[in-house]
Each structure stands twice: as C-alpha cells, then as structure tokens.
Amino acid sequence: MLLPFFWMVTTSFKSSSEVMQMPPQWIPSTWLWSNYAKAWSVAPFARYFFNSFFMAITTTIGEVITTIMAAYAFAKMKFFGKNALFAVLLATLMIPGQMLLIPNYVTINRLGWFDRYEALIIPWLASVFGIFLLRQFFRSIPDELLDAARIDGCSRLRFLWRIVVPLSKPAIMTVALLKFLGSWNSFQWVLLMTNREAMRTVPVGLMSFRSEVGTAYELLMAAAVLAIIPVLILFFFTQKQFIQGVARTGIK
Amino acid sequence: MLRKGILLGLIGLMLIGFGVFAQEPVTIEFWHSMSSGHQPYLVELVDKFMEEYPYITVNLTYQGGYGDTEDKVEASVVAGNPPTMVQLYENVITPLVEVLYPIGPQMTAEEKADILDGLVENNTFDGVLVSVPWNKSIMVLFYRSDLIDTPPTTWEEFATMAADLTVDIDGDGLIDRYGTGLRPYNPELFLNYLIQNGGTILNEDWSAVTIGDQAGVEAMQYAESLVPYSYISSGYLSDAVGSDLVAMFVDTSAGYYYNNKAAVDNGFELSVARVPAGPVNNKSAIQGTNLVVFDMGQTQAQKDAAVLLARFLIRPENTVAWSLRGGYLPVVKSAYEEQAWLDYLVENPEYIVMSEAMVDGFAQILHPNYGLMRGTIGGAFEEVILGASTAVDAMANLVLDLTDLLDD
Amino acid sequence: MEAPVRKDRPSLFVLAKENVMKRKLHIPDQWKVRAFWLESGQAYLYLLPAFIILAVFTFYPFFSAFRLSLYKWSAIRPPGTYIGLTNYAKIFADRHFWNAVWNTFYYVAISVPVTLFLALLVANLLNKPLRMRTFARTSFFLAYITPLVAVAMVWSWMYDWRYGVLNYLLGFLGIDLINWLMDPRFAMLAVIIMSVWRFVGYQAIILLAGLQNIDKMYYDAAKVDGASGFRVWWNVTIPLLTPQIFFVFIMSMIGSFKVFTEIYVLFSGQPGPLKSAETLVFYILRIGRFDGNLLGRAAAASIFLFGVIFAFTLIQLFVTQRKVHYQ
C-alpha cells in the first residue's frame, strides 16, 4: 500500500544513473539532496506554491463563510420557498462537474477572467456538499437556545457567529479541510482555465515540469515529494478530524 | 526688428502646427509565441520599428507556445478584447477572418507581389490578403554526411537507402542504427508524400475528403513500407541523431540548430538536402505562422500602426535579419537577393537547399478544423507505424473520421 | 443561564415572539405574515453569497450546456450558429466517441466492484483490534488525500516498461515485461490498478464507520442463536452495512464516470496509446480544448455524460430503496 510513497521518496534521492537500473535499487547509495535544489531551480516552484496556497486559502475562507450563512438559513430560518430552494440544492448534487467544464470555460472567457486568479477562486466560493453537512449539524443545535438568545436581544447574526459557529467547530473544520484539500489538488479546472506559467498551481506545474525534464525521474520524484509535503503536514495535524469527517459522510 | 518678429512668429506657428498635426502617440499589443531562443531578435526588430515610427509603442507579450497563444486568443475574442496583432496558423485565422483587419489592402502592389507564391494563397481569404506570412520554415531531409555521400532525390531511392542503412553493427541480433526515423502522431512525411503524389486532404470547396483516394492510400502505404527501417521515436529526432540511431530523416528546417548540434556534439556530420521528390512533384511542406491584425475594438490608429509593423517585419532586409538569427526562411522573393542573405548562404550552404525549396513549397490548408484533422491524421499515421492497422484500413477509417470534421 | 435581561426597547419582533411563548396574545395574522416576510428577506441575504456563486457556476452552466450543444461554436459570435441536433449526430457517428464510451464503461465495470470488495476486506481488517491499526488506517487513507498528479507520476514511473518496479515484481511471478503505458491492451488496466489503490483506503474508512456503528445487540442475538463466523458476517454484518455499501457504491460509480486526471498524467497528456485510455471526459476535453475547439460537440458529449450518470444514479437509488436495511 505504501510502496508508491516509498518509491517516490527513495527515487528522489538517487542519481540519474541509479534511477535507470534493473534490478531496481531499493535504497539509494548516496542521498542526493541536490536533486531537490535542482528541481526547485528548473521550474518556478515558489510561484506554483504561492498560487496553490493563495487559491486554497482564499477559497477555503470564502467557502466557509458562504456555507455557514447558507446552512444557517436552511437550518434555522423560515422563509418563502425554503423547500423549493432546498430541493434545487439537492438536485445540483446530481450534476457532474465535468459536464460543466465546457460551459464554464465559455463563461470564464466572457467575464474576461481567463488566465487570472478570479477564474481560480470565485467559482469555488460555494459548495453544496458543505451546505448539507453544516445544515445537518446546525439542526442539532436546539431551537430553544436561539429563542432564549433572541429574548436577550441577541440578533440572529450575532447568535450565528458567537454561538452556533463555536459549537460547530468539528463540522466546520471538516468542511474547511475538505475544501483546502480539494483546492490544493485541483488540476482539471486550473489546466483548463489558465495558460501562463505564472498562473500555474502545484499540480499543473508538476505536469509541465515533467515535459521539461523528460525522463529525469529523480528530479520528477523530488518535485512530486515537494508537491505532497504541504498536504502531508496538514494531514498530520488534522488526521483525526479528517478521518472522522470522511467517516461521518457515510452515516446519514 | 518687426520682420524678425514676424519670422519667428511664423516659425513658431509652423512648429505648433506640426505639433498639432504630428502623429498622436498610439500603443499596440503584439502577442507572440517566440520563446527565449527567438525573443531577443524579435525585440531587436521591434525596437528598430519603434525608432522609425517614434509615435508608436509596441507592447510585446509572450503567450507561451503556439497552442497556448491560440487558447489565449480565443479567450480574448470571446471576452471581446483581443490584442492588436498576433501570430497564428492559417487554419486558426479562418474562423476569425470576420473580426480581422486585412493587411493586404493596405500594402502596395509591389509588396504584395513580392510575397512567395506558395504563401500568398494561404493568407488569402475570399480573395483578400488578410494576413502576412512571418516565421516560416520548411521540411527538409537531414542526413548523416559521414555515412551518406549522395542523398536520395526520390522517395524510391530514400526507401532503398533506408533499407541499406539499417544495420546491426555488433551482430547481436538487435538493430543498432536505422535508416530513418518516424514519429507517431507526427504525419509530416506522410503529408509531404501525399502532396507530392498529387493528392490533397480535401477537395476544392471542402465538401469531401479526398485523402483516401489513390494518392493518399499510396502515401500511407509508402510510410508503412518504411517501418521496418525506421526508428520509432516519441520525441524529437535530434536525440536519435545524437545517439546514432538514424542515418537520415525528414524534419523542419527550424530544427536545424538542434539536429546539427546533436550530431556535431557526438562527432557526426549532418547535412541538409531537399525532401525527396514524389511521383508528381517535388514540393516541400512549409510550416510556421502568419501575422494578423484584429478589428474588434481597436481604434483606426491602432490598426494602422499594426499594419505598419506587419509591413515592416516582412521588408526584405528585416525578414532576412529575422531568418538569419531565428533559423527561419525569408518570406518575400526579393529577400533572397539581399546581400546579407547571399553572404549567409556562402557560410551556410545548407540554406541554399532550403531557399530553393521555399520558392516551391506548399503550406497547410485553411480549414477551421485543420488542427483537429491533423490530430486525426496523426492518429491514423500512428496506427500504421505501430502496426495496429494496415495502411488501407487506416485510410478508410481516416476518411470517415475526417468527414465527421468537415463541418457545415 | 441567568434570568433574561430586557433591553430598553425590545423590537416588535422580539416582543411578539415573547408573547407568543407566554401565550398571552393572539397574534394577528398580518403580524405573522409580516414577520414571515421579514425573516424571508433576512434569509435570502444569508443565502445570497452561496447562491450567486452556485447560480453562475453551477445552475447557469448546466442549462448553458444544453444550449451550447445545439450550436456550432464560434468564438467571434458566441454561442455561434444554431444547428439543432447536428452535434449529437456527429458525435454518435464518431468512432472515437464510442471508443471513449466503451473505455469509460470498462473502467467503471472493473474498478467499482473491485475497489468495493477490497475495501470491505480492509474495513473488516481494520475493525479488529490489531496493534498497528492506526498506522494501517493512516497509510490507507494517505493514498486518497495525496495530490493525484503526484501519485500518478510515481505510478507512471513504476509502470515503466524496463525500469519500473511493477514489472520487476511481476517478474517474480513469472510474468513477462508488460508495457503498461504504451501497450493498448494494458493501458486502461494500468489506470484501473492505480485507481483501486487510491480509493480502497477512502472507501474502507467509510465502511469501517458503518461497521462500528452496528449495534452490538445484533451480534449478541446471533451468538445466542449459535451462529458464528461467516454466517454472522453474511446475515448480520453485510445487511446492516448496506447503507454504507450503497453509499460507497453510488459515489464510486458516479466518480468513476468522471475519470480524467489519472489518464492525463499517466500518459503525459495523451489519452493512452491509440486512445485506448480515452474516457468520455477526455474525449470532451480533447475535441473541445486540446486538439480542436468544437465546443458545441463537446457540450453535446457532456450532455450524454450527464445522461448516463443521471440514469445510473436513478437506477441505483431505486434499487437501494428496496434493498437497504436501516437499523
């Protein structure tokens, strides 16, 4: 199960002659840290990382905000057309994103956002899945709490941010984590909506890096390791959250 | 005293008059695909242009490779704000003609007549010269002059020589060097033979696919016959040459620098000859892009400025300068008589061959779906040289696929 | 909670609510209606940000896809010229389209059941109190969260014909060198193997949660009856796990119809040798962006893709209504 990771790391430290060897060398004879330096210098990884972080952080923050608000409305408020709108939301779950690639490409162009940050960030500021998740969670917060707070003169908004949100930390964390991960790993969308080297995120940059170094697998693997490090770090700190969050999706 | 005053006053008025009527400064955007190898020379030329026309400022923007630039252009057209000038392939120009500002009508008759014949046709849409050719290269035959004394002049000779040159040097049962090299998905050899066999991809009015006719089938069968003597490479053949894997191959003249370097670095000698002649003619495929000026929101001043730039770039001395450094070939006839070019030919005789071929070359067709068609033809070519399909079957399928792309 | 503190001038709204709670007043209908509309207005404001984004980038493109598919795309005059159903006719006549459909179904038909089966085994394993349990769980999950591009790159290296680790290991089983990435017969299989590896952990986690959710009493009841081992598994565990199994099955199926990046990276932007790994999504992007810009046809193929996914989802929902056992 972990073989690919093992292979990724060990190859990244090998010399180019060691890489192309049969039978394969399991442990590199010398640990060439220079491969990493070389990989970093061949392509503008600093830029790629910046773009990825920028995209991931802004979309996560943005989505968390819009999702909290929308979920709260569905969970705690009564309004005209509530059921209809909720049904619409449900229906969108049936829409495969891939079907929307071409039309969205046209939209992005018409807005003049092609090859710009707007194209990478704005479309991802909302998530139906997130709304469902949070709504579920918010519903479990007793209505009496809201009523009592209203009597105290607490506005809905304050109630939301001061009480509901802190109580829902686990669920919100899950939404945020999934979003961050999704943004970081986003490839198809970025590939389609950007052009310039300066706009590439890490996954797309990794692909273009490959066409530049061809079969220099030791560099390729080094770059791949670099690409997964942030995710690994994030995962390390939020393991429990993550796995629990995923597990919970199966339990309705 | 008074006379002096009046004189000064008149001069002053004249100066003001000139100032008022002098050209308003105008800025234009030029999107190009010239990467670091060619960019400095483009900058040089554009700087020269801006010196000659000080009121014009040209903003050069590198948009990546041809594919990326095309994507960017399409995106900008949909958004409604394309640049003033871009370099594009002919088939990409076709669907854009409506929003382009034709350069031809702004040129003098001499300028137009000076453009190489094979290139005029491909820049003419509905009888109007819309674009002008710019960075062109031509298919030539590269051969190891330390292995081959006289390069083949016909495709039959080519096939025979390729067979002879495919050798197993160390007798281990594995072929060490092939006569030639082929790249799957890169159907240049096939396309060249097709035209030289009198064939075409589509008919005159694009209503039918003719590539499957006798001429086309023969072309594909010829390619098929080369397979046993060909090194199949997924990348550029310069690597193969450097590794002594091929004795000769057909490639674009723009690759001359890389192919030659690969050979020389490894102690070999490489020469250039015209592409072998086919049964009907001896034409070679011309590749490269053309300059267009957009008419989608640009001011008249901008359009005029861009036209001036285009005309500047194809002036004989400039197209020569561009070709000398860029490994391209001049696009106007008089350029081939420029001293600078003649001097260059003395030092680089391989370019003589290329020059001759240019005058007699053919460029790609203008069909808007040609990009996809080329991909499809490449796919058929790939099937044949990988042995997945016979030439006849592949051609039959190809006709079906291309008919699908004829559009309406 | 301390006694409620009244502010000086409670809003009409608060007063009204408070009085309702104390059942002192009968609220006039107009007030209730006004309250309702006030709340609606507020709610809409809350919904606005999310819904604007969804409207522009999910609802609108959904309908736009249908529209685009009826036009011959033109960049200078989007969406172009109306041509009715011609795009559909063209793609149905394109052998590469059907190749893509076939490849996609092949991928789905194999990867979904295989992954699910393996995930079940793994979930069972992880359910037992083993020492390295957390480590095992993490390592399975890692495959899922790692960026796909990096993963696919390692795999493309492991699949290398001559120097790849996979062929080396297979050699021990007596299997000849397989050119995974250049042989049309194996290309799709290569994608499937990598996908299975990627998703087993993710699915196992979900199934594990389901397993742990099963009330002990069922097992106790089975023990009372004297049942053990396989019978228990088959008659108790599996039926009670069906919600998770079907959830995973549906998600897995829908997800695998959309496969693209795996192929793009494994084959360096190509749809496999001789298009043997071209899936529907790849086909859509190829004729729409990579090789050509036939956006109308790409949209038509997108609608087809949607239709297929929609149909399968409906079928499955229908089936699960009947077969899923809830506790």
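We just call them A, B and C in the order they show up, numbering each chain from 1.
Quick note on the criterion: a contact is a pair of C-beta atoms (placed from the backbone, for glycine too) under 8 Å apart; a residue touches a chain by one contact, two chains touch by 3 or more.
If you're wondering where the values come from, they're calculated on a predicted model, not measured in any experiment.
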item	value
Arrangement of touching chains [line / ring / star / complete / other]	complete
Pair joined by the larger number of C-beta contacts - B-C, A-C	A-C
Distance between chain centroids, defined by C-alpha means - subunit B, subunit C (Å)	45
Subunit A-subunit C separation of Cα centroids, rounded to whole Å	15
Overlap residues in subunit C, where contacts from two or more other chains coincide	78, 289
Residue numbers of subunit B (touch at least two other chains)	71, 74, 78
Interface hub residues of subunit A, defined as touching at least two other chains	106, 110
Interface residues, subunit C side, partner subunit A - complex	1, 4-7, 10, 14, 17-18, 21, 36-37, 39-40, 42-44, 46-47, 49-51, 53-54, 56-62, 64-65, 68, 78-79, 137-143, 145-151, 153-155, 157-158, 162-163, 165, 168, 197, 200-202, 205-210, 213, 243-244, 247-248, 254, 257-258, 260-261, 264-265, 268-269, 281, 284-285, 288-289, 295, 298-299, 302-303, 305-306, 309-310, 313
Residues of subunit B touching subunit A in the complex	63-64, 68, 71-72, 74-76, 78-81, 235
Residues of subunit A that touch subunit B when the two form their complex	106, 108-112, 114-115, 195-197, 214
Contacting residues of subunit B [partner subunit C, same complex]	71, 74, 77-78, 95-96, 98-99, 296, 369, 371-372, 375, 379, 382-383, 386, 388, 397, 400-401, 404-405, 407-408
Subunit A residues within the subunit C interface of the complex	1-5, 7-8, 11, 19-24, 65-67, 69-70, 72-74, 77-80, 82, 85, 88, 92, 94-107, 110, 122-123, 125-126, 128, 131, 147-148, 150-153, 156, 181, 184-185, 187-188, 191-192, 202-204, 206-207, 210-211, 217, 220-221, 224-225, 227-228, 231-232, 235, 239, 242-243, 246-252
